[in-house]
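Chain IDs A, B, C, D, E and F follow the sequence of writing; residue 1 opens each chain.
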Amino acid sequence: MAAVHVNGFACKDIKNISSEDFFFSGLDKVGNTSNKQGSAVTAVNVAQIPGLNTMGISMARIDYAPNGINPPHTHPRATEILTVLEGSLFVGFVTSNPNNTLITKNLNQGDVFVFPKGLVHFQFNNGTGNAVALAGLSSQNPGVITIGNTVFGSKPSIADNILAKAFQVNKETVDLMQAQF
Amino acid sequence: MAAVHVNGFACKDIKNISSEDFFFSGLDKVGNTSNKQGSAVTAVNVAQIPGLNTMGISMARIDYAPNGINPPHTHPRATEILTVLEGSLFVGFVTSNPNNTLITKNLNQGDVFVFPKGLVHFQFNNGTGNAVALAGLSSQNPGVITIGNTVFGSKPSIADNILAKAFQVNKETVDLMQAQF
Amino acid sequence: MAAVHVNGFACKDIKNISSEDFFFSGLDKVGNTSNKQGSAVTAVNVAQIPGLNTMGISMARIDYAPNGINPPHTHPRATEILTVLEGSLFVGFVTSNPNNTLITKNLNQGDVFVFPKGLVHFQFNNGTGNAVALAGLSSQNPGVITIGNTVFGSKPSIADNILAKAFQVNKETVDLMQAQF
Amino acid sequence: MAAVHVNGFACKDIKNISSEDFFFSGLDKVGNTSNKQGSAVTAVNVAQIPGLNTMGISMARIDYAPNGINPPHTHPRATEILTVLEGSLFVGFVTSNPNNTLITKNLNQGDVFVFPKGLVHFQFNNGTGNAVALAGLSSQNPGVITIGNTVFGSKPSIADNILAKAFQVNKETVDLMQAQF
Amino acid sequence: MAAVHVNGFACKDIKNISSEDFFFSGLDKVGNTSNKQGSAVTAVNVAQIPGLNTMGISMARIDYAPNGINPPHTHPRATEILTVLEGSLFVGFVTSNPNNTLITKNLNQGDVFVFPKGLVHFQFNNGTGNAVALAGLSSQNPGVITIGNTVFGSKPSIADNILAKAFQVNKETVDLMQAQF
Amino acid sequence: MAAVHVNGFACKDIKNISSEDFFFSGLDKVGNTSNKQGSAVTAVNVAQIPGLNTMGISMARIDYAPNGINPPHTHPRATEILTVLEGSLFVGFVTSNPNNTLITKNLNQGDVFVFPKGLVHFQFNNGTGNAVALAGLSSQNPGVITIGNTVFGSKPSIADNILAKAFQVNKETVDLMQAQF
C-alpha cells in the first residue's frame, strides 16, 4: 500500500504513532570539534524526529573548541534563537543590502540571541575553554547554507573567473580558496 | 509621530536597530520553584526580545523541584521541542478526540521530546534532584493555557453547575477545586 | 497506481470530481442528546466532504437538551463562529495566562459569538427547551480537545499524583473524576 | 495615543476586551428580498465583529424569495461552506480554465455544499416558498465580487467595445446590460 | 515504488534534480493571436517547470494583436505584476463590492502595473501595432477564470433564466451570448 | 490622525486609492553597468509600488555588460523566476548542505530559469553583447544579500581572523578581499 506523504516525508496514521516518533536521544553528547572550523553541529529536525513534520520547529546543539567558529551561513527557511549553555561566544549577523550592517554581541552563559530568517550569521568561541550553545529554529527542516562550502566548495565548482569578479580578487586567490573545500 | 506596529508590537526602522533588540540575558538563572506546582518557567519571547516579532520562534527554560510538575497546559499557537539539561522528567501529551491517547516518555539528560501544536501536555520531575529543561516554541508569542488556572481558576469563575456537569462530579468538589486557584 | 495525497487526504484529479465531493446531507437532523452532557455535535469537515481539503473551513451543528452543555474544550487548529438557531445559550471562553479572564454572553436566537483559536470555551443551554446552534470553524480539520476527556479520561490515564498536584486536590478526588470518563 | 492596527483594523489591548467585541445580533432577521435579484445577504465579518480580526473566519445569512438568485460571484479570499436552513436551492460553481466545468446540486433543508476559494458560484431558489441559507467563509474579510456589478456595473464603466469583444456581442447589447446596473 | 507528491505534483529526491527541472524554453516566441479575442497567453508555471512547486511564483507572456484584448478574468490564487515589452496597453481592474471602482491606466513600454489577487482585470491593445507583456504571478499554480468562458461558456451551461436574472437581460440575449462560447 | 500600517508600510483607505498606487514607469530603461560587476538591477517592489503590499510579488530588470555578473546572492524571502530578454546568460544556483550541488544552465533569449527561495545564485553574461533579463520574485519585499558585500564588505567589518578561518585562507588574503568592498 502506498504511504501518505506530507512535505515529502512519510506521514503515519495517528493510530500507529508512539512516543518514539516524537523522541531523540543524545543532545548531551559533546560534538567532535576536531576539524578545520573547530565546531560541530548536532541537528535535531524532521530527519531525526518524524513527528516534527509540519510542526515548524527544530533544535540544534553546537559545540565550539577554543577559537572555533560556526562559519558564516544562512538558514533559508528559519530564524534561529540561541542560548549559551557553557563558555562564551562572539556572535553576529549582517543585514541585507544596501546597509550590510554587522550586528554583534559578546554572549556569556545564559545569554540569548536571535539570528533573523535568511540572514548571514556566525558564532566564534572567544573564550579559553570549550563553548556549548543550544538553538531553536523556526522550521522542521531549516536547511543550512554555509557560505564557504556553497560559494567556494560547490560540486562542481563555480568558474573561478566568475568568483574572481564577484570578490574582486585574482583567479589565483579564488583557486586557493576553492582548494580548501 | 505615530510608531509603526506589526502584530501589535512596535516595529523599529532598520536604521535604528541594535544588538540589544535581539538579546536577552539570564536564562542560566535557576527559577524559583517554591510554589504549589514545584516548577518555574522563564519565557523568552517577543515580550522580552523585540527582534523576535514575525520570526515565528521563542524559547523557555523550565525548572522543576523534585516531584515538581509543569501542569497540563496547551500553547494555542506553538509546537514545543524540549530537551533535558539536568535531571530526569516523565513527560506526556494527549491526542485529540476521539482517541485521547496518552503518549508518554521518561526523559533523561540530552533527550529531546516534541509536544505538537495545541495539544495538552505536561512534565513531571520523577528524579530525586532538581531538573532543568530548555524548550523551543514555534511562535514569537506562543501563549500558555494552563488547564487548572483556565478551567477552575478563571476570573470570574465558570459556574460550578457547568463544571460539575463537565467533569461529572458534584458541585462541592468543583467548589473545592476552584478554591485552590 | 498510487493516489496523490495532500495533508494526508486523497486528492482527486480535477477531471474526476463531481458534486458529491462537495456535498453532505443531514445537518437538519436533531442530534441525540441522551448522554451525560446533554449535547451532541454533528461535524461536517474534510472527513465528511473530501472537497474541503486545503480549503480552511468546516461546519458543525450542536444540539443541547435543557441544561445540556458542550463542555470546556479547545480546537487546536480553528476559531469558531457560532449562531443560535433555536433556544438560548450561555457561552464563554477564557483568555490565556496570566489573565485567564472569563468572557461570557447570554445568546438568543440569531445571536452570533466568536471563540478565538485555541482558547478553552463552552456552551450551556440555560433555556427551558432544546437549543440548536450552527458553527463555522476556520479549518477543514479543526480537531477537538475536550478538557475532561483529555485530562481525566485519556487512555491510559495520567497518573493521579500528577493530576492531584495539578488541580490541588487529593488523589481520591482525582480517582473519582477519572472514573467518570 | 496612536492605536495599534493589524490588517488595517484597530487592535484592542487584551485588558480592554469584552464580550461585545465577539458578538453580533440579528442573524435570525429575514433579509429584504424585494430587489431585482430576489435575494439578500446579511454578512457577519470583521466589520461587524472586531474580535474576528486575524481569525480567518466569518459568517453570512442569505435569504431568497421564490426564483430569487444570489447571482454569480466570487470571494477572492475565502472558501464558502453553506447549509440550507429552509426551502430548497439549486447551486453551482464553475471550475477554472480550461475546463470550465459546471458542478451543480439541488439542495434541500439540512444539505451542505462547498464553493471552493475564488471560483464563480451562484444559488437559485427553485422552490415555491422562501429559502434561507447559512454560510461559513474562510476569511474574516472574504470580499465579494459580483460578476454583473463588476463587469457591467463598475464605476466608471468598462468601455463597451472591450466588453463587446470579451463577450462576443455587439456594443448595443453591452450598453443594454450596463444600463441595468 | 510510490512517488512522493506535494500539492498534487510529483516531488523529486534532491539527489536526482537537474537544471532541466528549473528550465523552460520559448518565452520569446510570439503567441498566435488569430482568435476572437486577438490575444494569446503563454504560461510558465508548475505544469511547465516542476521545480516551481511550493515556490509561490510563475510567469506568463501575453501577446496582443491591434485591438486585441485579454478579456476580464481573475486569478483565484495570485496577484499579477505586468510590464509592457512592446506596444501600448489600456489596462484595468475593478475593486470588490460595494464600490466596484474601475482603476485604469494607459501603459507604454517599460511601464509596470499590478492586478491585486482575485480581482477582475483586463488588458486592451489600444495601439496600432502588436503589443507584448510579461507578467509575474504570485503562485506556482495561479489559475485563470475568464469571466466570459466561465459564466456564458461553462460545460454544461448555466441555465439561461438564472443568467438572465443575474445580468438583467432577457433569455434571448443570454442564449446569444452562450452561443458564442 | 495616525495612519494605518501593514507590514510596516502605510496602508491607504480603499476609497483613496488610484491607479498611481499600482504603477511604476521606466523598466525599459537600460541600467548603468559601468561598475566593477558589470551589471545593474532595477527593482520594482513595495518601495516603488505601494499597492504591492501584502501581494507577495515583485519584479526586477537586470542589465549585464559583456562578462558582467550579477554576483552570488540570496533573496531571504523569495524565489526568483527569470527570463532572458536579450543576449545570453550562464546561470546557476547551489543547493544547501551537505550536497552543495551547483546546478547551471546556459540561457538564451526566451529561456526561463528558477532560483529557489533562499539559495545562493548568480548570472554571468557569457555573450559578446549586452544582456537583459526580467525577473519575478515571490515577495513584495524580497531582500537581497550579496555574499561579497555581506561577508567581506559589512559595516563594520567581520574580524579577519574569523573570516580567515571560515574560508581557510590567511588574514592577508581576507584583508585584501575586504579592501575591495
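Here is the rule we go by: a residue touches a chain if its C-beta (ideal position, glycine included) is under 8 Å from a C-beta of that chain, and two chains touch if they have at least 3 such contacts.
The UniProt protein names, listed by chain, are A, B, C, D, E, F = Germin-like protein.
Just so it is clear, the structure is predicted and the values come from calculations on it, not from any experiment.
Chemist: Show which chains lie in contact with chain A and also with chain E.
Modeler: Under the touch definition, chain A and chain E have C, F as mutual neighbours.
Chemist: Using C-alpha centroids, which chain lies at the maximum separation from chain C?
Modeler: Result for the farthest chain: F.
Chemist: Between 0 and 180 degrees and rounded to the nearest 5, what angle rotates chain A's CA atoms onto those of chain C?
Modeler: 120
Chemist: Where centres are the averaged C-alpha coordinates, which chain has the largest centre distance to chain B?
Modeler: The most distant chain relative to chain B turns out to be E.
Chemist: Please compute the C-alpha centroid of chain D, do the same for chain F, then give the distance between them in whole Å.
Modeler: Between these chains, centre-to-centre, one finds 41 Å.
Chemist: Compute the distance, rounded to whole Å, between the mean C-alpha positions of chain A and chain D.
Modeler: 48
Chemist: Provide the C-alpha centroid distance between chain D and chain E, rounded to the nearest whole angstrom.
Modeler: Those two chain centres are 23 Å apart.
Chemist: In chain F, what residues contact two or more other chains?
Modeler: 2, 5-6, 99, 101, 117
Chemist: I'd like to see which chains touch which, written out pair by pair.
Modeler: Chain-chain contacts present: A-B, A-C, A-E, A-F, B-C, B-D, B-F, C-D, C-E, D-E, D-F, E-F.
Chemist: Quick one: in the complex, what on chain B touches chain F?
Modeler: 2, 4-6, 11
Chemist: Quick one: which bits of chain F touch chain A in the complex? Just the residue numbers, please.
Modeler: Within the complex, chain F contacts chain A at residues 36-38, 67, 69, 71-72, 74, 76-77, 92, 94, 96-97, 99-102, 117-120, 122, 124, 143-159, 162-163, 165-169, 173, 176-177, 180-181.
Chemist: In the complex formed with chain C, which residues of chain E make contact?
Modeler: 2-3, 5-8
Chemist: Which residues, counting only chain B, touch chain A once they are in their complex?
Modeler: Residues in contact with chain A: 14-15, 17-19, 22-29, 44, 49, 51-52, 55-59, 78-81, 83, 85, 95, 99, 101, 103-105, 109-117, 134-138.
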